[in-house]
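In the two assemblies presented below, subunit A is common to both, partnered first by subunit B and then by subunit C.
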Partner chain A sequence: MKKQLAFYIDAKRCIGCFTCAMACKNQYHQESGVIWRDVYELKEEIYPHRERAFYSLACNHCENPTCLNVCPVVAYYKREADGVVVHEQDKCIGCGNCIRSCPYGAPRYNPVLKRAEKCSFCWQRLDDDRKPACVLSCPTDALQIVDLAEFDEANAVQYPAGFPRYPSLNPSVRFRLPAMPKMIRRKL
Partner chain B sequence: MDKRDADSVKQAIGCPMSRRKFLRCLAAAGALAAMPGGLLRPFGAEAEKIIYEGDYEIYRNACPRNCYDTCAIKSYVKDGVLQFIEGAQESTFTDGGLCVKGYAYTRRPYSPDRIKYPMIQDGRGSGNWRRISWDEAMDMIAKKLVEINEKDDSMLGLGLTKYSGNFGITNYAVEGMMTSLGYTTRLVGTPCWPAGIDAQNYDLGDMWCNDPEDMVNSRYIILWGANPAWNSVHSMKYIYAAQDRGAKVVCIDPVFTQTAAKADVYWQVDTSMDGALALGMARHILDKGLFDKAWVRANSVGFDEFADYLRNEITVQWAAEKSGIPQQQIVEVAEEFATAKPATIWIGYGLQRHVNGGATVRSIDALAAMTGNVGKTGGGARYGHLRTWGFNYHALLQKRPEGAKGFVGGDGPKGDFDFSGDEKAEYTDRALNINKTAEMLLTADDPPIRVLWISCKNVLSQDFDRPKMLEAFKKPELIVSVEQFFTQTVELSDIVLPVTTLFEEYTINASYWHYWLSVNEQAIKPMYEAKSNTEIAAALSARMNKLKPGSCTFPTEVDTRQWMIKEFNQDIYDLFGIDSWEDLKNGPAKAKMHPASWHDLEFGTPSKKYEFRSDLCAQHGHQALPKFKAARKPYDKLRLLTPHTKFGIHSQFINIDWMEDFNKKPYCYLHPGAARERGIGDGDQVRVFNKVGEVELEVKLTQNVPADVVMMYEAWFKNNSFNCQNVVDDTSSDMGKYKTGAPGVAIHDQFADVEKV
Partner chain C sequence: MSEMELPLVIFTVLSQTAVGLVAISAIRQHAADGPAGSVRPEWMTAALLLIAGLVASLFHLGHPLGAPLAIKHLGSAWLSREALGIGVFTALVIVGFLSARDRVNAGLSFAAAAVGLIALFFTAMTYSPPGFPALNNVMPFVFFLLTAAMVGAGFASYFTSAEKMPMITRILAVSLIIGLVVYLVVPFLWLSGGTVMRQTGLNYISSPLYWARIIVGLVIPLMAIWRMRTLAAWVPVLVLAGEIMGRIAFFLLAVHASANMGGIY
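Up next, the complex of A and B:
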């Protein structure tokens, strides 16, 4: 398998602190309301305690990216070397095809520039031998960068409950599920 | 940049242009410094190679907020503009990362909401603000200070309230400025941690915690009322590391917190019954003979009396009834804790914000001590420390003006961060309880507080009994706020002075939790007309001396970099193993301290031993032994809890627009059972009310809170009048006066009811 960088989201370690999401804003200063990485609370059907388990999600840099496939002006390309999907905003005409097509909601509309934009996997940082801003920021190493060509984590899953299953896209993301403590509640 | 800004930019340059390109043009035209920060953007995802070390000027900063983590920051500046920040990788504690609050800092100096100039409000609370010059502002304030000094023959009519908004050491220039004006009135004490500080002082002789990085050595960890997953995110990796090495983690909290979700066992203790639980565990450990006999014999006093108390008055069954935790659980965890060595307890600050808070901390300390876990790596009753704070306090220690008169017969102010030493003089400042600020402002007389100076503090968001505070704020003749944003406190001030952010000033930052020290450099020039607290003191002194020579001793010219340097001394250099403060420009340094507090077992108590029986505690009007103390009697149907949010520290950060992207508005949390009884559904707008006042907000239903609790997070939203202090009274906690000058406040001994609006 070719090198394919991916985000590994360890929900067992994740504390839902939003540090990764803000580290992204700190690096890229997105317009108000434009979010490349967000932290999604798991519904109570998936994890029974509200606001206590999360998936931190951004672009999944799919093996077969729909954003790239539907773009009429070739504003997207997938890097040979590491599989990162890059959006070139200067080429974007803001048609919204990618935004409508991505089942993971990764491309976002920038209402000021009237163009799409999305997580770049911090490829400039990667090229300068630095971790992506979000990965570097994570205080619990719950968000990691892995190469799927070498990734071998027995407990990892690609499509946990609540995460849309699109094998044709093959999203470059893996998860570990959250755990629960033994609960001793007092009787009222 | 909001839509309006974007439109004005387009109009100005005649064509659509990306913000990045626009910035480049501006930089080329030299116009960048004049532009509001809303237009700044470092770079985007377009194809340009970035050299991170080389393309930027890199500065060292440190987060000065009231937080365990006190993160060391690396700031990347280009064209005089802060572009992005990272955690300093040299600190193993910060480890290259900040938190959600820290990463929002990049926005702070450039926030469109910043207070840019000195301003005066025509009519307190009217909203009729107008810009004035620094000269005009200083002139108005100085004239008023001269006037009250002549009227009262002292400066006691000048009151200061300041707490933890900025813990940078040079910010003690605010207290220094007060001293340099004469004997003034100080609101003293701390709403934060005082009962626990006193408790640890009675038991151990000081508040001194193990290195948090040493938690990896623990075989058993009890997180007691602490929520590091929200309030000390960088500590979590040590807890996980201990777990990975086989340690069991027990989290005890009335609320199923994020930290509880990461523990092995969660105990939903009844609020303020932590002491009963600790004593029940102690009784069982005693009965099973699992206490460390050799340790208590060699290193403590009063253990036999404590054992007698446990045998005579405490049973596991009683503890179970009081705390709500089943006997079998208490027995199991007590045995595990006593036999896993080393075992540690992290004592959070929330559990001592009660009328029995100090007594509770003492009973938890006793559990750590009787099992021989004090003085050991991986052990300890961890609460906090100030062992790395031995600065010169040059900014703080100013002379009084000649002939100044003050308060007679008082002890003078004290505080958790009081480093002024023992001043013996005919006069002192007048000390008033900061936790009853509203009451103090209303009742202080002869003279009353005529001028109130507020810095590093958001009184109207953070002080208690807000309805009373609104009354109290009508009383002073002049209220001056030193701020960055138009807070609810500024709304009720007469003059606001814009103060620098951490990136715009020089200072030093130490932590009350970890052992690292960071320098804070001026990374960018102050935006607009902001001045540091030191420069404000100098400006006021200049005006005072012009009006009335000799009326203020504070230097009228200050070089803030020099003032930062003046805070260092050889002891600090030795402690941190550095030759000069300039070494800190290469990254933070860690104190060369043993990772275990009290490792030499030389305690700071009168007996030099661990004191299960503290006569000093008894002299101060408390129980000599760490006995159970009853809770506050409920005054309404539900317990009201107002803990921290993960999106802010007290009233800070929540107002920043970047944060609003993730945390738009306040909620309260209610158990589905309690909601059903009241006909309340998820997402309903509700009214939370009690004898103090009321708030209205949206409710989320969750079993994370017990059925007898309503919870909301303390916060200041810039476009929302929500304020939890409308329903929190100013009842004191049991301890705090000994070491911090005033008792703490029973923030979590509050009660309320909820109804659908």
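Up next, the complex of A and C:
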């Protein structure tokens, strides 16, 4: 398998502090309402505890990216070296086809530039041997980069509950499931 | 819920009407006995509908001047194929209109109809993306084909001679019955799908727009044909209004897969 960078989301460690989302915002200063990375709380139907659990999600840089496939003006490309899916915004004509097509909601519409945009995996930082802003900022190491060609974590899952399953896209993301909270009860 | 996407509503409904108009015109001229009807005005109407639809579609783009670039990705993007297909179809319809005397050449008529149907298929594939589980299947193709059959037949009645009106009325009545069954059944089928598909179904059956579309665009036209045994001039207008409402519902009420992130899918 070729090198394919992926986000590893450790829901056991994530405390839902939104620092990753804020770091992304600080790095790129997106327009109001344009969000590349967001933190989603697991609903009670999946995680029925007083403790809460979270997934920090952005573009999954899929092996077979639907954004790239549906873009009529070839504004997307996938880097050979690391599998990162890059959107060339200057080529975008703002048709919104990628926004409608991606089931993970990664491409967003920039109402000022009237073009789509999405998480770039901070490829410029990667090329400079630095971590993406979100990964660097995480105070609990709940967000990490892994290379799927070498990744061998037995407990990692690709499609946990609360995350849409699209095998034809093969999203480059892996999760560690949140821990069940320890229940301490007084003996009657 | 999603956005109304009015430019796309106008583009898809008008272009599909043109496909239906041209296909029915080809059949009426060359596969049925009797007078051809007012063929030249009919093809001019189809061309004007296509041009109006294409102009409307530009308002959907953030950068309309980039529209010609939309045919760059024919290898995998259905939107590029759609742009090419609609472009070729429009060109054939204009040639048909310009070359028509009392009829359009049979080869050109059927070629235009075939290209139009292929373009309609490309449009359907564009609007059945993975992002919308309720639409990521054959249903957009069925909906769009029904638009072509219903509004196309309705508009064709304005250009059809009295001798062939029963044929056009039958095509419209059968299309309306199929449309009524499909549009009543599909939202209830969606209720048995996953969370996002089920939410789309619930959005439909709880939407006044959906029920108005059923009554205005399907039930009243069917009742009118049944009671009058002919096609009144106002019926196609109602069918068109119903399709526009239905297409607004198509864009507005479908739920995106990402809307349920963190919940059960």
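Operating definition for what follows: the second predicted complex is superposed on the first by the 180 of 188 C-alpha atoms of A that agree within 3 Å, B and C clash if a C-alpha of one lies under 4 Å from a C-alpha of the other, contacts with A are read in each partner's own complex, and residues count from 1 in each chain.
The working rule: contacts are C-beta pairs under 8 Å (C-beta built on N, C-alpha and C of every residue); 3 or more make two chains touch, one makes a residue touch a chain.
Since the model is a prediction, treat every value here as computed from it, not as a measurement.
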Subunit B versus subunit C as contact partner of A:S101, first or second or both or neither: second
Which of subunit B and subunit C A:R165 touches, first, second, both or neither: second
Partner chain in contact with A:I184 - subunit B first, subunit C second, else both or neither: first
First (subunit B), second (subunit C), both or neither touched by A:L143: neither
Contact breadth on subunit A, by residue count: subunit C or subunit B: B
Partner chain in contact with A:L57 - subunit B first, subunit C second, else both or neither: second
First, second, both or neither for A:I15, with subunit B first and subunit C second: first
Partner chain(s) touched by A:C92 [first = subunit B, second = subunit C, both, neither]: second
Set intersection of subunit A contacts, subunit C complex versus subunit B complex: 113-114
Contact set on subunit C toward subunit A in their complex: 2, 60-64, 66-67, 69-73, 76-80, 83, 126, 129-133, 256-265
For the subunit B and subunit A complex, residues of the former touching the latter: 1-3, 6, 16, 18-19, 40-52, 84-87, 95-107, 229-230, 233-234, 236-237, 240, 251, 256, 258-270, 323-326, 329, 646-647, 657-662, 673, 700, 702-704, 706-708
Footprint of subunit C on subunit A - complex, ascending: 40-43, 45-46, 55, 57, 66, 69-74, 92-97, 99-105, 109, 113-115, 161-166, 168-169
Residues of subunit A that touch subunit B when the two form their complex: 13, 15-19, 21-23, 25-29, 31-33, 35, 38-39, 49-53, 86-90, 111-114, 117-118, 120, 123-125, 127-128, 130, 133, 136-141, 178, 180-188
